[in-house]
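Below are structures written as structure tokens.
What follows is a pair of complexes built around chain A, which joins chain B in one and chain C in the other.
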Partner chain A sequence: MRLLSYLGIQIRQYIIRKRWLLPFPVMLFIAYRSVNAIQSLLELYSGATSSVLDVFFIAFGNGWNVVLILTNLFLFLVCDLLPEPGFGQLALLRLGSRRMWWLAKCLTLAMSVIVYTLLTVGIVVAFAARFFPLDFTWSSLAIGTPESLNIPLFTPRNASAPEAMSQVLLLLMLGWFSLGLLIMVVTQLSRRFLIGYLTALVVLMASFAVSWISNPPTWIKLFIYKHLMFNHFPYPFRDVPVSQSVFYWGIWLLLLSGLGLYLSRQQDHLASRHS
Partner chain B sequence: MQNINGKPIISAHGITKRFGKRLVLDGVDFDVPPGVIYGISGANGSGKSVLLRILCGLIHPMSGQVEIFGQKIGLEIEFPRSTGILIDNPGFLLSESGFRNLELLARIQGKISREKIAEALRFVSLDANDRRPVNAYSTGMRQRLGLAQAIMENPELLILDEPTNGLDFDGQREIYRYLIELRQQGKTMLITSHSKDEIKILCDQAFVMAEGKLALTQDS
Partner chain C sequence: MGKRKPWISGIWREELVRAFWNGRFLVVFLLALACFGYGLYDASRFFPGLEIGMDTPFTKNAYELWLFVHYRSYFIYLAPIAAVLPFADSLWVDRSQGFLRFILVRTSYRRYLAAKLLANLAAGAVAVGGPLLALYLYTSLSAPRTLPVNSLMFTTWGAQNGSPAGILASWYPSHPDLYILSLIGMACLFGAAFATLGLAISSLVNNRYVILSAPFILFMVSAYISDRARHLGHHWSPETLLIPYNTAEVSTGTILVQLILIAMASFLLLYFFGRRSRIVQ
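Right, the complex of A and B next:
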């Protein structure tokens, strides 16, 4: 009961606020560009058909989109979950447990990931549905030229379109959640959310930058980009099985949530002017 | 002055806190018996707020021990029970009404009805039916809302960090009136202020905080 009420406050403080309107124009822009890209491909491959899912794969499989816009925007939306402001501290005193407090913060982050995913996918799908049919089978364009739609080669042969779509989203959601946790952990250590936010950005950008190395060394698989993306944009193959990426994120989540829990018990909740 | 006796409600011993190289609290000791108003004055940055946050369990001391109602904070219990707390900068949800803010906080423990919240608001002369967001409140109204938040669950102990901060003369007098009324109801209070005079007027026992140490004021 206490946890649920506290979560209600968190949602009011961190999800129902103006900055969550930002995904609307941003995603409309991405959807518009993605629809244009499909239309260009259809002109190139005359006779091919396309669907809303193709627009989805173009939008959520493009490394530039995902790293520079989608993930960046998500990190901005959740970057100030910590440190706890005055009202949150009053709520924490009533909650009565630092462990429950950390759990509530993680649940708030998880809810943010779900809302953000629904919002971004919803906007792209709704926009694309004005131009293409909503078909849950692979289109002829996807079968003929998957790499042009940011789908790894052979995926249309090995998996259904909804399966591929759910794998794209699973990896993104795990990645967003983990990066959000990273921000919270670094913020607990530094007492400044800006440092947490910048740390997550550096981790993200560095991994994207090294992904462009040709003939990449094996250690590159330790970087998050390889596991955030379903395809390995700009390459047409995925050289890490999805199950390994899920395992990779599992380790991240375990380490960060454990570290966050430990820090939450040591954490000093200062007045905003002190921090 | 009230007679100061009885088993202490707050017992703090050897409280030390350091932020980086700066020693903020240096072995602070004090006991607060029931039914009195204890006051701590000191300049801005003297460590009053840090001490109060340690008592509340929001900050961990580097050494020393706090007991409230006989329970060790940070060992037996994380945050003190039956304690109303006014922290500096309570930062309410600005887009919600005062009543709604208190309702959200009260819902966490689920101990009190809406009527009790309205009663707390009336006690500090705020209108429970006022639908204006806190954003539209004056500094004085926000401070009174903070006090209502602290008293609404009818705690036995009140820890109030600069309850008159930012208020004009009339606003301060009003808060004094509320605090005296609360003492008459038998509440124990620990109050901080940067004004020595304020502490002298209000409190049964007055301390001054300087250079991380707590000392009894000469004339208390």
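Right, the complex of A and C next:
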């Protein structure tokens, strides 16, 4: 019961606040540009049909969008979950358990991921629905030129559209959650959320940068970008099975949540300052 | 014999020492090293063994290697941050930590601001131009300095028929050293301009992180807008101050107009928000 109350406080404190309005203008702009891109493609391939799903894939399959805007914005929204401010320290005393406290922090992060995903997908789909039919099957455009919609080649042949969509979102959500955990772990170590945020940003940007290396070496599969994206933008294919990516994120989550729990037991909360 | 008087003294010397004797320069050089390490690794993997006609791989020509690393190392995104990192937030530091009152006991505000402007401008220029100069020294020592005949760099990128485009491009085939040094000079101007902009922004806002990130954000946003606006074009992007060789429309005019705009914005900000009555409270 105490955990639920604490979770409620966390949600009111960290999710219901002004900065969570930022995804609205940002996603509307991405949706606008994605709709424009589809309309240009329809002019190019006359006779082809399109649907809302095409807009979804072009928006959430573009590496620039995902890395520089979507993930970066998410990291900004959750970067100050830690260190615990004065009020949070009092709440921790009432909670009476550091394990519960860490669990509540992870659950808050998970809630943030879910809300952010619903918000971003909802805005893109709602905007696109004004221009294209709300059809959850592959359009003729997606079947004909999947690579131009940031869909890996042969995916429309091998999987249904909702299946591909759910895989895109699963990988993004796992990635966002893991990066959020990384921020919390580094913040516990450094006691400054800015250090945590910058660390996650460096991990993200470095992985994006190495994905552009000419004649890519195999070790770049160890970097997060290959597992965050369903397609390996800018390449029109995916050379790591989705199950392997899920396994990869599983290891990240296991390591980071374990490390976070260990660090939460070592924390001297009363000495920390909310910077 | 009397002690020799330093060539520069007082607040001018103090600000220059503070700007250059600064741990953040090391951070800038380490970040640049990471970028260039990436670029050099990329160059070594770029179609290894490829030799088209007279072309040689990037790693076998000092000039081609420099240009490849300059283009592919993402240094362009580090540059606006590198420019402001050493000293652009120093006005904020002096103001917020109370040093300014003590400094103004010994010198006038006008002199202090002029010295800070000069020191920050020089630090920004060195922070952006210095790493590029170090890269030039490295490529010159590690690869043959033969003339880049039918440049592979400009054959593979942008279908430019083996030669760079834009301002001073004609220098590259016959005087590649001069061309690269002029690119480094332009990078210094870029650093000086963005460092001044950062300092000017610090007269307006009271948050160090905003001061350090605002020039980068302005750089990215203006690059995005100029690339996509119907009446502008890539030649109006601030990216061309660093990489002018992939856009034919880049000219002395486009470069000067951008630098003048940044300088004007900076001096207007300093004029309106950098007055003594506002800064010293």
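Keep in mind that, in the parts below, the second predicted complex is superposed on the first by the 269 of 275 C-alpha atoms of A that agree within 3 Å, B and C clash if a C-alpha of one lies under 4 Å from a C-alpha of the other, contacts with A are read in each partner's own complex, and residues count from 1 in each chain.
Methods note: a residue touches a chain if its C-beta (ideal position, glycine included) is under 8 Å from a C-beta of that chain, and two chains touch if they have at least 3 such contacts.
Since the model is a prediction, treat every value here as computed from it, not as a measurement.
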- For the three-chain model obtained by superposing on chain A, do chain B and chain C clash or fit? fit
- Using the touch definition from the top, say if A:Q89 reaches chain B (first), chain C (second), both or neither. first
- Task: Name the contact category of A:I9: first (chain B only), second (chain C only), both, or neither.
- Result: first
- Task: Put down the vertex angle at chain A formed with chain B and chain C, C-alpha centres only, nearest 10°.
- Result: 90
- Touch count on chain A, higher of chain B and chain C: B
- Query: In the superposed arrangement, does A:S214 touch chain B (first), chain C (second), both or neither?
  - Reply: second
- Query: Which holds for A:S97: it touches chain B only (first), chain C only (second), both, or neither?
  - Reply: first
- Message: Using only CA atoms and the superposition described at the top, report the least gap between chain B and chain C in Å.
- Response: 18
- Item | chain A to chain C touching residues, read off their complex | 194, 209-210, 212-215, 217
- Given the complex with chain A, which residues does chain C contribute to the contact? 38, 41-42, 45-48, 74, 209
- Message: Which residues of chain A touch chain B once you look at their complex with the stated criterion?
- Response: 1-2, 5-6, 8-9, 12-13, 85-87, 89-98, 266, 268-274
- Along chain B, where are the residues that touch chain A in the complex? 49-50, 53, 56-60, 78-79, 85, 87-93, 96, 101, 104-105, 107-110, 149
